[in-house]
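For clarity, chains are labelled A, B, C, D, E, F and G in written order, and residue numbers in each chain start from 1.
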Amino acid sequence: MSGRPLDVLEASLQEPVTVNLKDGSAYYGTLAGYDQHMNVVLEPPAADEEEDVLGEIEVTPVEDTTIIRGDNVVTIKA
Amino acid sequence: MSGRPLDVLEASLQEPVTVNLKDGSAYYGTLAGYDQHMNVVLEPPAADEEEDVLGEIEVTPVEDTTIIRGDNVVTIKA
Amino acid sequence: MSGRPLDVLEASLQEPVTVNLKDGSAYYGTLAGYDQHMNVVLEPPAADEEEDVLGEIEVTPVEDTTIIRGDNVVTIKA
Amino acid sequence: MSGRPLDVLEASLQEPVTVNLKDGSAYYGTLAGYDQHMNVVLEPPAADEEEDVLGEIEVTPVEDTTIIRGDNVVTIKA
Amino acid sequence: MSGRPLDVLEASLQEPVTVNLKDGSAYYGTLAGYDQHMNVVLEPPAADEEEDVLGEIEVTPVEDTTIIRGDNVVTIKA
Amino acid sequence: MSGRPLDVLEASLQEPVTVNLKDGSAYYGTLAGYDQHMNVVLEPPAADEEEDVLGEIEVTPVEDTTIIRGDNVVTIKA
Amino acid sequence: MSGRPLDVLEASLQEPVTVNLKDGSAYYGTLAGYDQHMNVVLEPPAADEEEDVLGEIEVTPVEDTTIIRGDNVVTIKA
């Protein structure tokens, strides 16, 4: 669970993650891909995972395959 | 439908995508091209695709071939 | 009319284009040159092309040879 | 305790650090990883370390494995 | 008068140019040099050239040899 | 005392420096390290050095080993 | 006195320069060094040079050896 930032992303593939952006928004989904710029691809979370998130404020579960350009990212929580 | 961000763009060529920009605007169109900086080219969406989008708020279907410079992009939804 | 972003610029040489910038301004002119940073050179549009644009709001036809530095660009419409 | 910035990060692995970001927020946790862009990975601090921090204002102990993208960082205090 | 952006700068050496910056200011002078980052050097314009510009609003003829760092530039008008 | 910027940093190692950041804050400490991005490491200043600074406004002597990411820096005064 | 931007800096070594920054501040001093990023080193100006500047508004003669990080620079006037 520890290691370099990209190692953490690699270990989180197919797992739910929350991505917080510089504009204050947050995206929740299953990590489907990433690259060295921290561009990430999120897929809609599984139904049971989505349940947990609906209790949180301001986090948007993605509804489509969503590419997030890395330079917008503040944090990625695995 | 999963994979690296540029793989997702490659798989989305000739498909409708929505591109959200840092200034809060959003563009809808058929993905005609892209490069490694996430610069993208959108073409006007097909008429039947446009129908769906007109029901959404704040998304502008492109009317001309439109190059979007990648550093403006927040998300691309495939 | 489709392809990579720089291919679209190449195909648009000597054609009228509209360049929208991050500061909200827009420039209209004949695309005279570009480079890989999306720096572009616009020349004053031909008189008949200018006619069309004068009906649009907030688009400035360039009056001189104008270099636009690429990092200001949001979209280029061909 | 002195040396180049990345040497300080290397020496701080598995130690508690506070990361201050450009948006004014601050994160506290155990440094689990970093890379040359100053992207860092924080893990929740050990319970006894967390005690100390709860007395400080505006510092958020991370609750999950958290990747922070380096371009948001102002300071990292070891 | 057409060509790549740096070709236009090369062709404009020793000619009067107006440089518009991101902070809304504008500088007028004789183009004395440039580099690939679009950093430019302006010299005070010749007296007769200055006459023309004094009729424009908000353009400052440079009074000294002035280096402008390229990342501030929006447009350079030749 | 003169020379290239990184030469000045090299000559200032183990000396007190003041680092002014883009957010208006300033840090005072002993320069313990730096790299080519102007990332710097400050250590708490020696007690007698700190005395001098306490008479200045808005300068914070660092209390811990502090890495400052270079892209926040406006000036470093040696 | 003309030439590429870095040639102008080279020719200005040991001469008084005024550096205007993006935050609206300005620094006056003797140019002691520079590098390819336009990072510059200013030394306090000689007493007779300082006299001239004290008649100008908002220009701060540097009091110490001052490194200015290049990405803050708008203009350097030689």
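In the analysis below, contacts are C-beta pairs under 8 Å (C-beta built on N, C-alpha and C of every residue); 3 or more make two chains touch, one makes a residue touch a chain.
In this text, all values refer to a predicted model and were calculated from it rather than measured experimentally.
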item: Touching both chain B and chain E (chains); value: C
item: Separation of mean Cα positions, chain G and chain B [Å, integer]; value: 45
item: Where chain B and chain D are represented by their mean Cα positions, the distance between them in whole Å; value: 36
item: Two or more partner chains touched - positions in chain A; value: 71
item: Going from chain E towards chain G, every chain in order around the ring; value: E, G, F, D, A, B, C
item: For the chain E and chain G complex, residues of the former touching the latter; value: 21, 23, 27, 32-35, 39-41, 43, 62, 64-69, 71-72
item: Chain A - residues contacting chain D, complex; value: 1-9, 22, 38, 70-71, 73-78
